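Next up, some structures in structure tokens.
Consider the two complexes below, in which subunit A is the common component and subunit B and subunit C are the respective partners.
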Partner chain A sequence: MEKQVHVSRIGEEFKQEMKKQSQRERFISWAPVGILAFLVVLFSIIAQGFFSLTNLQNLLKQLAIPLVMSLGLTFVILMGSTDLSAQGLAGFVGAIMALMVVNSKNANNMGFLGILIAVVAAILVTAISGIIHIKGKLPTFMVSYAVSSIMQGFAVLSYKGEPALIRDEFFTTMSQGSFLGIPYLTYIALAMFVIAYVLQFKTRFGSYVMAIGDNEGIAKNIGVNIDLTKFKVFLWLGVCIGLVGFMGAVRLGRGEVGIGSNLVFPAITSVVVGGTSLSGGKGGVVNTLVGAMIVTVINNALVLLGVSPYVQQAVQGMIIIAAVAISIPHGKNLIVK
Partner chain B sequence: MESVKNIRNKASMDRETLTKIFSLISTIVISVVFCAMNPSFLGTKNITNLLRDMSPVLVMACGEAYVLMLGSIDLSTGTVASCAAVMMTVLLQSVGAWAYPIVILYGVFAGTMNGVLHTKLGVPSFIATLSTQAIWQSAAYLLSGGQPLSLLPAAWPLVNWAKVNVLDCIPLLFLAALVVLLIYSFVSRYTGIGRTVKSVGSNERATWLMGQNVHGAKILAFMFSGLGAAIGGIFFAVKAKSGIPTVGVQYNMLGIAAAVLGGVQMTGGKGSIFMTLLGALLITIIQNGMNVVGVDGLWQQIIFGALLLAAIFMNSDKDHKGLIVK
Partner chain C sequence: MERKLLMTIRGVTKQYPGTLALNNIDMDVYGGEVLGLIGENGAGKSTLMKIMIGAETATSGTLEMHGKPYAPHTPIEAMKLGVGMVFQEQSLIMNLTVAQNIYIGREEQYVKHALVDTRRMNEDAQKVLQGLEITNIKSGTRVNRLDFADRQMVEIAKVFDSVGASEGEGSIILLDEPTSVLSEKEIQQLFRHVRRLCTRGNAVIFVSHKLDEVMEIADRICVFKDGCKVDEMPNENLDEGILYEKMVGKTASGEYYHVARQRVPEQDVVLELRKLCKRGYFADVDLQLHKGEILGICGVVGSGKEDLCAVICGDEDPTGGEILVRGQSQRFASPSQARKAASILSVPRERRVEGIIGELSAYENICMSNFDGVRQNGVISDKLAKVQAEKYVQELSIKLPSVNQRVGRLSGGNAQKVVFARILASGCDILILDHPTRGVDVGAKTEIYSIIRDIADQGKSLIVLGDTLDETIGLSNRVAVMKDGEITKMFDAPPDGKPEQVDIVKYMM
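Showing the complex of A and B:
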């Protein structure tokens, strides 16, 4: 009789413990959304003009490029890798695209074909760096750094001196036009988000990526084609970088190597702030959407608050550390690199 | 059974030494190529230049190597160096030679802050150091007013040692960097906490279970990285007699590349601090050599990237079939 009571008590305790744990997990997974809500409320109170329709439009516009970049990096990070190649590659895409459409430097007028060629070039480059990583067994961090340096060089080389000004009408409409109050570029970003969502949750590829990030050895043993999956991730990254290069050229109106600067590290930050683990296997594209929103809101509000540009970076850094410290799981046995 | 094991051990040892030698071989090959293109590459004057250019890379790389050995990363070394260079220029004019210990202390503080943020808050080192990188960049801009500061001639006697060459070709600056390297290498090899850094990199949980001070080792590694970066910043300042608020930015990645070329693995647990010397040498030779040979400025970045890729490929560990590389 007594034994039975004892056993049932253990069962009860176990149940409660599990409940507590799942509650904690749920709390952690909602933390980024909480942080976003907190920041929006905070900035609405302290920053003049933050909570307005025009600023909402601004925010949506500013969100577009970082969101696409972070969506590309999300899958790379889910595998536990990192990629820095966008720094040079996005600039390269923008530069050659500007030279192929109607521009100030030459008589080319390839229109959509030019855009397509530039995007395909980006996919080719990431495919090559993917192959170097997979077959050469070199860390993505170093490979992508070298590739970024090479592509930066080619970008500068392509226009030699003065960057080409884009005179194509399509680019002007893209940069200024909007539909239902939402800028065109934001539609592209949202479409990419939907595609990324489908890729992660509705295809086998998405599960494979998660499996590789969680434990590559196990994934290999149950028959996942590791190399092919990794290669596909790099193709997806190429598509995203290509689009980022295009969107950067649209926003700048020039094909300059600078399109790619200050793009990669904020994007990785967005991915992590959203709750995706840098060691791979946890998180996903929905987290990235929230993370990109957090970073964009911080940037936008700091400008509205009139914080000096020298200090902006530092304030942003402090907010990011605080946000990440709150939103990631804590524990004694947890290993964080 | 025993003998098979022995042979296997021996074979893997040979491979390890081979990987080490590869760095040396690639350095020699690249030097010979540059030398064939322009014989003055190995002239006394250029060697002095090369060693002087190499000094900041070397100190920053051997600090970074500590953090890489943990399997973590430090992205703040570049801006810590920039900030240190600016601080140095400002302080040399106001407090004289006290500037040296103050800036060194600043480096220790910056590194320890990274370590504490990473270990106590549980923030991944990538994000923690990325954020402190932004903080120190802002500090450097604020301190310099956003413009390069030049050192007033009154303070020149305090930095003239950087111009001194021992035996006519070895700069004192390089010897100072070498001393830092030897101390770092000694701590890593012969002290308990230095070895703990490496063991945290290969298996953190096991190290913790063994009762080692995991957090202490991590903070030490980050402290060394910050210290190395600050010394690098001092070198920048005394070399150019000026404090430029963006001087260190690209040296962050160069330091990481040098450490990786020296055989430190980014997943942690492998490599030696001393071999960073070869990695730093290789990086500097590539950069310096392109200038000496007269590579067109537009092509330099492309060739640098390609050579870096080739060097990393030659140095990488390719013999483990099941090796997981991220």
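Showing the complex of A and C:
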């Protein structure tokens, strides 16, 4: 029998197309780093005071809370979900934590135990919303939005209108102090980054989250325990929101519900700008670090440039649309709703 | 040498609503052999494999593995019992490394204090790859950095290793069209692994459209046709001609397709394709469609016929060449533009998803592609729409309690007739029919063939991708055969000289 060695033309073309596409993807995956570098250079030139040691310290301080928040959301978004509960939940955590340490409203003095209780409360809440999502098959978007609203209510109820001022000296110094020029709160954020990094790259959990985000059907066939993995993602989110609530209260010096406001949107922006796909399965915690830096640098520079806060919000909105537009796949027959 | 029986399949039948995908299959799989499965699309090969790996359950019949009843519910369970499959669509997680993909779900041995020993896992994965003579892939690389062929090799390595891990009494590996993205050299490499695996007492089931490859690697070949296993023979002194003949489906009588009503098309060319290309899908397609003509296009999955039709009806963009409609060069931004500017409309394959709107009534569906005829003072008139619908319901003898009936409730045949009513109401005169009789029972099929003849009689032109080869030949004036994105042959199919299925299949595979 004569052997055919026929490599079809379209087969070759198909290979080339795939190659082109993967080159494009590789380029895009490095884009956030390039953008960060570009912004730093740009702002150093046009924004007076941007390139200085004091401002570097400022940047590190401003980075802390958004970074922890976005690290929490990274795993949620990696598996293709969203979570908006932080707005109410972080406010709630901050409020009850302030009521448990030395404060202006009562005689409590639980110190670190108070923080622990507050963080555990956050984990419990995200665990419950996780179970509602997993077992009830409700979209995370809706569940977390509702949870946020509920917790916002509880937050205000906990202090009955007038937020508690934190009087515990340890915490009041914590908000301002620094070690080796790096603010204390930033150490917490960096530690959380290291933990998140280990979770993503050194544990089965990290691989499974990626698998679920890429294609849940495949993950299931491989034998990944999908529900358990999703549940763990919510626990991690709870840890992060708990810490964010605590850090927010320390930073503000009082435990009010407003700690949670204007938290979720910049965090989602950071995750997406860093290159993590909103549909899941692509990106990760390193991307989030870069993304959080980009968002922090922009906000910082806009203040230095004297841009109005309302314009800053508009800028953030535009950034997220641009980032999503670059990162999602394009195609004529892609159906997006 | 005595062959060890690994799996026995007895009387396996799979019934889907409306179709019998597998009919009473008996098959044995022996250790140490490569078993080739061949057959046209829809012959039942894929369904059988899905049952073997637990992705589907048989309606009736039994499977045994190593003499024990075998009925896995999931692919992972099948894997543990020694049956693994390399999927045509790859099942790799793009943003994980090669090693992570090879061991995903099986990491226990590398986990210490909840942390994965990445280095050791990478080393072992590298050994797995080396064992398969794959030297150009580093196990620490992320899969999305690899090209398509390398990904395929990783996929194969993953299944070989996970089935090999449970190896003992002999495992079965299923390869579904594994060579479509591989180069000649890689194919030979794959074949060496397959043979090596078999010498260790395992069996490999090899499914491919490429007959020459099946004949090169298989020890035994099973031929499937219309859900039945029609023959099984050792791969000795076979020639492709014999296999082609066994593969093609039964030929229905000319009456079934109303061949007597086939008309000679007019001379006018209504649609002409000149060197039409879509990179990676099809290339240099030249085609002429005449007024009143029915043109059939045949080809296996991946031949490019579906993509070609998607380009013609404006759903996809071509990357080169020209589409001329009645002599004028045209480019369509969307199917809606193709309909308005060139009077081209397509009947999609997935009726429930793409062809009808189940929640709407029959009359609303029928006027959907053209509101002009039912508009009064600028708004759509329910009354006119119903009158129009009544007319088509009668013409096409659609069985409906009333035109207010929700289409989602109708049987396949009647729902498809509603689609045809919509097509007729659209007034379009170049129609692309993608599997026009899919999921339609036999009685309704012949009615639909009659409707298609009526449409041609009205001087409209049709492109048909038939549900079966026989259907395409029976309906068409001419049949174009596509393979690897190119038209390999054009057959004339006059009523008194229809081409044989065997001759067409030769150009498809």
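Following the convention adopted for this analysis, the second predicted complex is superposed on the first by the 293 of 337 C-alpha atoms of A that agree within 3 Å, B and C clash if a C-alpha of one lies under 4 Å from a C-alpha of the other, contacts with A are read in each partner's own complex, and residues count from 1 in each chain.
Methods note: a contact is a pair of C-beta atoms (placed from the backbone, for glycine too) under 8 Å apart; a residue touches a chain by one contact, two chains touch by 3 or more.
Computed from a predicted structure; not experimentally measured.
Residue contacts after overlaying the shared chain place A:314 against subunit B, while subunit C stays out of touching range.
Of the two partner chains placed by superposition, only subunit C is touched by A:281; subunit B is not.
When the two complexes are overlaid on their common chain A, residue A:203 makes contact with subunit C while staying clear of subunit B. In the superposed model, more residues of subunit A are touched by B than by the other of subunit B and subunit C.
Legend: residue contacts after superposition of the two complexes on their common chain; A:170 is shown touching neither subunit B nor subunit C.
Contacts of A:26 after superposition on the shared chain: subunit C is touched, whereas subunit B is not. In the superposition on chain A, A:224 makes contact with subunit C only, not with subunit B. When the shared chain is aligned, subunit C comes close enough to touch A:17, but subunit B does not. Shared contact residues of subunit A with subunit B and subunit C: 333. Listing the residues of subunit A that touch subunit B in their complex gives 79-82, 132-133, 136-143, 145-154, 156-157, 160, 216-217, 265, 268-269, 272, 278-280, 310-314, 316-318, 320-321, 324-325, 328, 330, 333-337.
Within the complex, the subunit C residues that touch subunit A are 55, 74-76, 91, 93-96, 100, 104-105, 107, 111, 114-116, 118, 144-145, 147-149, 181, 183-184, 212, 215-216, 239, 279-283, 304, 315-317, 483-486.
Against subunit A, the residues of subunit B that register as touching in their complex are 70-73, 75, 117-118, 121-128, 130-135, 137-139, 141-142, 146, 204-205, 253, 256-257, 260, 265-268, 298-306, 308-309, 312-313, 316-318, 322-326.
By the touch criterion stated above, subunit A contacts subunit C in their complex at residues 1, 3-11, 13-19, 22, 25-26, 198, 201-204, 207-208, 210-211, 214-215, 218-224, 281-284, 332-333.
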